[in-house]
Every structure is written in C-alpha cells, then in structure tokens.
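The data blocks that follow each hold one structure.
Presented sequentially are two complexes of chain A, the first with chain B as partner and the second with chain C.
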Partner chain A sequence: MFSRAYRAAITVPPLIWVAAFLLVPYLLMFCYSFWSVSESGIIIHTWSLNNYHELLTKPVYWQTLLRSMWIAARVTFFSMLLGYPLAYFLSLHAGSRKDLYYQLVIIPLWVSYLVRAYAWKTILGTDGVMNTLLQYVHLTSHPLDFLLYSPFAVVLTLTHIYTPFTFLPIYASLEHIPRNLVEASHDLGATPQQTFWRVIFPLSIPGVLAGATFAFVLSLGDFLAPLLLGGPSGIMISNIVVSLFGAAYNWPLGAAISLCMLVLVLALIFFSERLEKKWSFS
Partner chain B sequence: MSTSSSSSSIKTSRWLAFHALLVFAFLYLPIAILILYSFNGQGVGGFPPRNLTLSWYRILFSDAPIWDSVLNSLLVAAAAMLIALLFGIPAALAVDRANFPGKALFRRLVLLPLILPGIITGLSLLMLFRVAEVKLSLLTIILGHGTALISVATTKVFAGLQKLNRAQEEASLDLGATYWQTFWRITVPNLKLSIIGAALLIFTLSMDEIAVSFFLIGRDNTLPLEIWGRLRRGITPEINAISTIIFMFSLLTIVVWYRLRTRAEVTPEIGAELVETAGRS
Partner chain C sequence: MATTTEAGFTDKSKPDSTSLLSIRSVAKHFGKNIVLRDISLEIAEGEFLTILGESGSGKTTLLRILAGFEQPTSGEVWMQGERLDTQPPYRRRVNTVFQHYALFPHMTVEQNVGYGLQVAKRPAEEIKSRVAEALAKVKMSTFAKSKPSKISGGQQQRIALARALVNRPRLLLLDEPLSALDANLRREMQVELKALQREVGITFIFVTHDQEEAMVMSDRIALLRSGELEQVASPREIYHRPATSYTAQFIGHTNLLYADVRQGTAMCDRLVWPTSLPDGSALFSLRPECIRLARIAPPAIGSANPLSNIRFRATLRDQAFHGATDLLHVESDGGLILTIRIASHDLPNSKAPLEFEFSAADAIPVRDSDNKNEERR
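Up next is the complex of A and B:
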C-alpha cells in the first residue's frame, strides 16, 4: 500500500543520520585504536597492533577491567537482591496498592544520576550525615573513613541507581505470567515454594536477564560515580579511558580500551538476548 | 489449600512487605537528605541539621552561572528533542513498513545508545567532531543528545505503530489524499500519545544527561556539567537547592503525563519501555 517514494522518504533521512552520527563514529573509534600518537601529540595514521599489545602486556589495564567487572557484578547482584523480591511483592502480594507502589519505584529515577551520586557523597563523607549521626548517638567516636572514597561507596551508589532498572523488567515479566498457571499449581497440590521455583521463577527469567544485563553493562562503563565517590581504590576502566582522552593524551590507546569494552558489552547483550529467547514462553 | 501452607504464605507476605519497606527506604533516603539539607544553614553534612534557612535558595536565585546553565540545558533539550523526533518518527515508520538492505543492522544501531555506557557514545562522537574539525560547543552536545535519543523516539513511536490500525490510512489514500496529507491527518494524530510521551521523556533525559555531554562540552555548560564543576571545587547546599527545584519540576511533568496517559490505556509494558529509555540519565 505504500509507494516507493513514501518508503524512500521515511527511510533515507534516518538512515543517513544514523550512518553519519552512529556508524561512522564507531568505525572511527575502530580506526583510532590502531593508530598512535607522537610525542608532540600528533595522531600518526599508521596501522599497528601496538595499542592492543600494550593492553595485554601492562597488568594495570586488565586488572582495572577485572576490578570494574567485579564492581559491576556486585552491583548486579545487590540490585537483584533488592529488585526481585520487590517486584514479586508488587506483582503477587500488593493487591490494589500495586499501582501506587509502582509509581513509588519510578519516582527516584527522576532525580538525575549525578544528583543522587552527590547525595550519597554528602551522606558518606567524613563530615557527612552518616558519620556525624553515628557520633551523635555515640556509636563511634571517630569518623569511619571507609564509607567514602572506596569501592564500597561506588557499589552502594550504583546499586541505588540500578535497582529500579532491574525491578522494571522483572516486574513486567511477572505481570505477564498467566495467573491461572499459578492457581493450577496450587490446586494440583504444590507448596508455595514449589510453585515459586517450578512455575513463577522460570517464567520470570527473561526479565531477570534483561535487568541484570542492564545493571551490569551500565555500571561497568560508569566513570562518574568512581570519580565522585571511588577514591584511588575505586578507579574503574572508564576512568582510565577518560584520563587517556584528557591529561594523559593518548586517544588511540583510549580508543582501543573503549573498543574492547564495546565488544565485551555487545557480546554480553547478544548472549543475554539468546538466553532470554530460550526462556521466554509463548 | 491446607492451613499450614496458608499461614506460611501469610508469613512470606509479611517478609516481602518488610523487604519492600527497606528497599523504599533505601531508594528515598538520599532524596530525603538532599531536600532536607537544602534548608540546612550548616552546610551539606552534619547531623542533626541546624539553623534551617532559605538562604541557599536566595543565593541560588542570584547565581547567574547556574541560571545560564539551566537556560543552556533547556535549549539543548528542546533542540535534541526536535532532532530525535525528526529522525526517530520516520525511523519507526521505516522499521514498521519498509524493507531495505541493512534493516537489521539499522534497527540495532539506532537502539545501541540506550544500552551502551554513555562514555562510548560520547567518545565516538568526540572523535567524529575532531576528524571533521567541528569546534565543541552546545551544538555538538545537541547533536550528541539528539542522536542518542533517536532510540527513545523510535521505540515509543514503534510501539504506538504496532497498535495502529492501518485501515484508516488505506482509506485515506484510497479516497485520494496524498501521502503527506495522510501522514499529517491520520498517522500523526493516531500516534499523538506516543509522540508526546517520547517528547517528554527525551526532554527530561536530555536535561539530566551527563556522560555524553562530558566529552562534547565546549565553553558553555549545561546544568549537570555546571553542577559537576562545582562538586569538584567544594560543595554547598546550593546544589541541593537547585536539585530540589529540578526534582519538583520533574514530578510536575510526570503528573501531567499521567493525566494525559490515563485517558488512554495503562499497561504494565510502560515499565519495560522505561527501562530501555530511562537509563541514560
């Protein structure tokens, strides 16, 4: 029903824009990662694998990457621990208050990321709310200095930010479970535990995977929370990239790390989508 | 159901309610503290809060750089919204009703900025602007936000298109209307809610965005970057005050949006849509 001219009109402009501002930049990142930079700071356009060689041989890079993955894994785990039971409660136990509670989970998303990270900084700092509170009630006599500028602060803040994001897809997948399946399981004599583990949980796996991927990928690439709250021991891989693009001025090496991150992230998304398809029922 | 299992399910229910209470406390604690300390005369930390005052708001209102950055952010958000809708709506139509080589790749590319960490989008555009010798300014931020948020417009409008009945468009074309007329008189009015929803979301996400802007910033700051700059110089409750005001505005936007939305059906899928869209802030 749609003419060729109509289809061209809706296809060509977005295609050109996306090619120019997404495809070309990603390709440029790929190219940069094989180039190098001279001592006077000029980009040398000769192709080599030197940047990748440096990434593999200098332990600081892969150690930081591993530490970032470990932080991201903890964030994912704690977001799940908070998000899953919450979604389960809302979907199956909250009754008529469901919609209200749902809104309550969403509202914190409207406080910007930066502001929430900043709020945690004011809570966790040496003169922050937490330390002065603990001293006020005489639980401690000195400020606890592990609260701020530590991986703990980064994990806590990122968990705070990504819990609603893990909650949402889990909640959506729980809401999609036909209620008569749950009733049938009860009627056939299954205990609540059996119903949960054999009926409800397997059917919510696509939501769990979507939420986990989201929390992991976005916290893996984060650089603002570590800069604000992480201190030297909370440095993540993106912080290295930021410094390579800034003061350290080695764009090609920074591009190589970014590209590794991109590939890692795309692989994760790919596998998670495969698994989601496998576990989704229709 | 036996009595033992029903009493155990009441117990489970109580535990779940208690857990939910804790999660809500965790989610709202920093926000409550943020707002509370915007009135604290003694600075951003320190328990208990002392000398409650409005003076931080007074200082804020005469703080020209902050308001310049708010204006910049509003400008960026409005322009980014236009770009995202201008290309996102046709992109959704194209995915829905045209076949072209590279369509699968196109779909994936459009959605990538939603799921990728902002640093990758920001840096790849920075390299583009460096190679093209474009000076960094608000314009480069607009291009960055616009491009990244096409994904939001496309997902929202595509979801709307899935529910759209094509018979109306067919009838319009059969009755001799041009494609242009059909688009403006049939397609757009039918997608109104999706488009407004996308526009609001794009606007708020752009207002909050920092990871992409961080790399594309020129001389003029957006609000999040202005705040970022101040965080590094030492912090005062002025930041709490501006954040509180922005939060109140966002709440107002949600209320307006839900008023609009309740006229249409409300489905749990909004949640899934939001996940894909809200993560960029």
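Up next is the complex of A and C:
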C-alpha cells in the first residue's frame, strides 16, 4: 500500500488546518465563555457560569434569540414556498429548457450578498421603488414606513437570498427520483395530484429537510440583513454578538452567546440528518 | 389466408368481436427521427402477444404508446370500442410491468401491491384481501412487510407483477421484465409467467429482444424492425414460414440462398430444386436442421420425386458441439458456405467430401429485407 511518509504527507496538512482554524478557535471561544471582563476591559481568567446566567436572566438576549429564530422560521417557510414549486417545475416540467432555467436560478448566487441587500434598501426605502409605485397608483397617500427597517424587510431580503439554497437540495432530490416511479404511479391509476402526494413528495423529503436546514441555519446566524434593513425592531442575535465583540468589548458574553448558537445549530443539523436518513431509500 | 398490406408484412390479425386492442396506423416521430411508422395490429382477448425486436426497433416506444406515456404522432389506438390513445395513463385499464420493476422504495411490498386499489379508493377490507390474494398468486406472501430494497431482483419482479395484476387490467404490458434476471431464473419465470397468463386470462403484450423468450412464451410474435412490423405470426409459423430474410435470420439461424429461377427450377450455385416461383432471381431460407447427412445408398428409383430430395457434396470446415446437436460449417463443391445442424455425433475428421441432402419444400422463399422495393413473392 502507501508508504508511511506518503500517508503522513497527505493527512497531516489538513489536520493542522482543522486544528488551527477550527478546533483552537472553538476551544478559545469555549474558554472565553466562562471568563469575564473587568471595568477597564481586561479579561479575567477565572471560571464561572456568570455569562450563561446573564443570558438566561436578561430578557434582551433570549428575546432577541427567540425573535431571530422566528425570523429564521419565516424565512425557511417562505423560501420553501418559493423553492419547492420552482424545483418541481424545473425537474419535472421544464423539458429541454431545464438547464437554462437552472442557470437563471443559480446566477443570483454569484452576485454579492451586499449588493442584493442594498438593492432591497433602494426598493423598500421611503423614496424607494415600492413606495413610489404604491403612491403613483394611489394605493397609499404616504410612504409606508414598515417596508424598510423592520423584521418584514429582513425576512423579505433573507428569503430572496436563501431561496436558491433551498431550491438546490430539493431540485437534487427530485432529480434523483427515477422517472419510471412517476410513470408507474400514473400507470396504476393515480392522478397527477395523487402521484405528487404519494410518490414525489415523500421521495423529496430528504431534499426538503436539507433545504430547510440551510435556510434556517444560515438566516439564524445572519447579521448583515438586519444591520442594513432591520432597524431597531429587526435586530437579530448575531448583531448582539457583533457588538459584544466590537463596541461593547465583552468577548466572554459574546462567546457565551456564540456557543449557545453553535449548540443549537449542531443539534438542528444532527436531527435533520437523522430524519433525512430515515427518508432516503437509495 | 394471410393478407399482405402495403408495408409488406403478413397481417394474420382478425378484426372480429374477440379483438381487444386495435392499433391503427400508429406512427411516432421524435423530431426528425421516425421511431414507428404505420403500425397496425389487432390483439385478441386473452392473447399472449410478444413484440420482438432489436434495440432501437421501436418496441418500447410502441409499448409506451399503449400505456399512455407517449402520444402517437399519427394513428389511433382503440380498446373495446373506446379510443385509448387520447386518455391519460391513469384512466386506462392497462397496467405495466416495468423493465426495472419501478417499485416504490418508500412503501412496503404490501403497500406497493395495494397502491392501485388505494388510489382508486377501494374499501380497506377489499384492498387487504385482494393484496393478500395477489401476493399468494406470485408466492410472495411472506414478504408483505418488507421494503423493496430488501428483496432480490426475482422477488421484485414478482411484486411488480402482483402490483399490476391486482388491478385486474384488461391488458397487461410487460417491458422486458425478465432481462435483469440470470439465465436460470429467467427460464423459470418464462414458464411461470406463461402459466399465470393462462390462469388469469388477461391479455399480455410482452416486449423483448430475446427471440428464444418470444418463441417459448407467445401465442403470436410481432417482429418489429426499424419501426415497422416485419411479420406477425405464431412462433411456429414465423419460424417455419418466415416472410422475409430478416425474419429468417433474426429468429433462429438460417442459410440464405440467392437463387435464379427458370421454368420452375431454382438454381443456387450447383444446387437445383423445384419451385413454383416465377422466373427471375429469388431468395430462399433453408434452416440448418433441414439439411442432413445423406444416407449411403441413393433412394430407390421411383420411391419419391428425385427432384424433391436435393443432394450435394460438401467438405467440412468446422464442427461445434452444442450438446444435443452439432453445428457444422461446410463448403459445397461450388464454394457455397452452409450451416448445418445435425444430431450430435463425431464426423470422420478427414478432408473427404461428405454427402448432404435437403427437401425442396424446406427451402422457403423469403422477401429480401435489404431490398425494400422488391415485390413480395
């Protein structure tokens, strides 16, 4: 087989990489979350659960976390609502134009996140495209102020950004369904609707779960959309982490929140993967 | 008597009251690619019809048109007085056994078999008893709760069959259902499938590229060649009376003899035999088993028409042992290479020419498939 030196040469670099850029930072974050910071901004290396206590007792933290999850849940829901039919259409009914449509869905992913977020700012703003249009057609007399700097704006933007992420795994799972199963269903007398609910949808569940996990996890940790479009009511948990690590200079508390989120997300991914396995039959 | 259509194939079908399915001038084009042209066929109630053809002959497309997965470009399909080709697949009383079975992987065997009844919203007890009955019929009752991925290919095959038959279709389509099975299981299933068809009395249309399979199972064989029906006949007739050189070569082995006919006598190389064909060139099919080693003594004078028993001398080129029979390649004195099948026994391994004979009646005139414009004889 391969020599020891060869095996070492191919395994050691990735191990170093993982250690230096993943394990050590996580370990540091873990340690920080049990430390504290003095008035003068010096890290005190004594171990305590004070940070976690603060998270549980001060409503601003867990309320923001809950709000973030609520926003992420809505983003997941809406991007499913958009992504599934899109994937279904492309996979089963687009015919020869499949590749073209697929590219059209993918292209927005190449555009910078910031550009897309800013685009929504110009659309939703007081003098933005949306308000101008609504007033022009006399649906409203004043600019609507809930359009921008609100959870609505955040949900809208994140849905726009993460729909391709839900689309992709759903599309992949639909593409994996052997077409003769669809034909067999029709052959056995099932209408297109029955075929969808009894054959196509159950077999696309792994893709749905993967897509939902993507949308939820990515939007839960998002901080740019709330920063640019959220306003005070649209603040999310990551914005708090950013400010704790930055302006507030409270790394230990920031680390404690990050660790909580990490555990939450890992648990989510773990369960979603188990469910995916249960629903895959290849 | 057999009638001949414009396309030139023998149409043995009898469009009478027993006809279940009527395929009328069906054609299918995929863009510029013509997959089927002018297919007309009547299929009788309870018949086992095999659509036989090489890959690319259009046989699967024809089956898919009957199932409703493809629309014919032109022509019509009728089943018992109702237009079939305009109906979506789920409204046809036609079920299919797919080539790779197409069992639903997320359902148990039982759920798979009950699917058709389930979507037809039959009462639960009826579903239960009919599923149990269908599973018993294919000897798979013990696997009712298994997932398809946990059972073997042959077992999946049975489930696919049960899943189709449980709906009591008028017509069952089978798309090369045995092609994924190994040789022994395949032969076993051929017999079983044929017996099952007799028992349930449902019309089967069976698609295969395997001529042996077609011979063993079918009441009639429809031989398809590049989108056209070459010949439709019973296995015996198609073997003994092939209409074309393609049929003769595709079904079994044959020797094709290009002969000159003059005044009731066909002549190919130094072989001469009587024929009723008009003067001109003609093509004959002579099966390898119709040629035999000639008896040492010439036949007694006056015992038979000496012209009907054609003798010739040939040297042995090679001999292949096939179990019960041997396949010989011989070269006649005139340089004609012939394949001969004889009961297995060792021939003297000498260069001395051997004496062979065949009956004139076994030289079957066939239409030359490579020459489409030629009139059928």
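One rule holds in what follows: the second predicted complex is superposed on the first by the 282 of 282 C-alpha atoms of A that agree within 3 Å, B and C clash if a C-alpha of one lies under 4 Å from a C-alpha of the other, contacts with A are read in each partner's own complex, and residues count from 1 in each chain.
Basically, a residue touches a chain if its C-beta (ideal position, glycine included) is under 8 Å from a C-beta of that chain, and two chains touch if they have at least 3 such contacts.
Computed from a predicted model, the values in this text were never measured in an experiment.
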Chain B or chain C, by number of chain A residues touched: B
Contacts of A:271 with chain B and chain C, given as first, second, both or neither: neither
First, second, both or neither for A:249, with chain B first and chain C second: neither
First, second, both or neither for A:183, with chain B first and chain C second: second
First, second, both or neither for A:47, with chain B first and chain C second: neither
Touching partner for A:70 - first (chain B), second (chain C), both, neither: neither
Contacts of A:191 with chain B and chain C, given as first, second, both or neither: both
Common ground on chain A, meaning residues reached by chain C in one complex and by chain B in the other: 186, 191
Chain A-touching residues of chain B, taken from the complex the two chains share: 1, 5, 8-9, 12-13, 16-17, 19-20, 23-24, 26-31, 33-34, 37, 44-48, 86-88, 90-91, 93-94, 97-98, 100, 102, 106, 109-110, 112-113, 115-120, 123-128, 131, 143, 147, 150, 166, 169-170, 173, 179, 204, 207-208, 210-211, 214-215, 224, 227-228, 231, 235, 239-240, 243, 246-247, 250-251, 253-254, 268-269, 271-272, 274-275, 278-279, 281
Of all residues in chain A, those that touch chain B in their complex: 1-3, 5-7, 9-11, 13-15, 17-18, 21-26, 28-29, 32, 82-83, 85-86, 88-90, 93, 101-102, 104-116, 118-123, 125, 127-129, 131-133, 136, 160, 163-165, 168-169, 171-172, 175-176, 186, 191-192, 210-211, 213-214, 217-218, 220-224, 228, 238, 241-242, 245, 251, 254-255, 258, 261-262, 265, 269
Chain C-facing residues of chain A, complex: 178, 180-181, 183-191, 194, 198-199, 202-203, 279, 281-282
Of all residues in chain C, those that touch chain A in their complex: 67-69, 88-91, 94-96, 98-100, 102-106, 115-116, 118-120, 147, 149, 163-164, 167
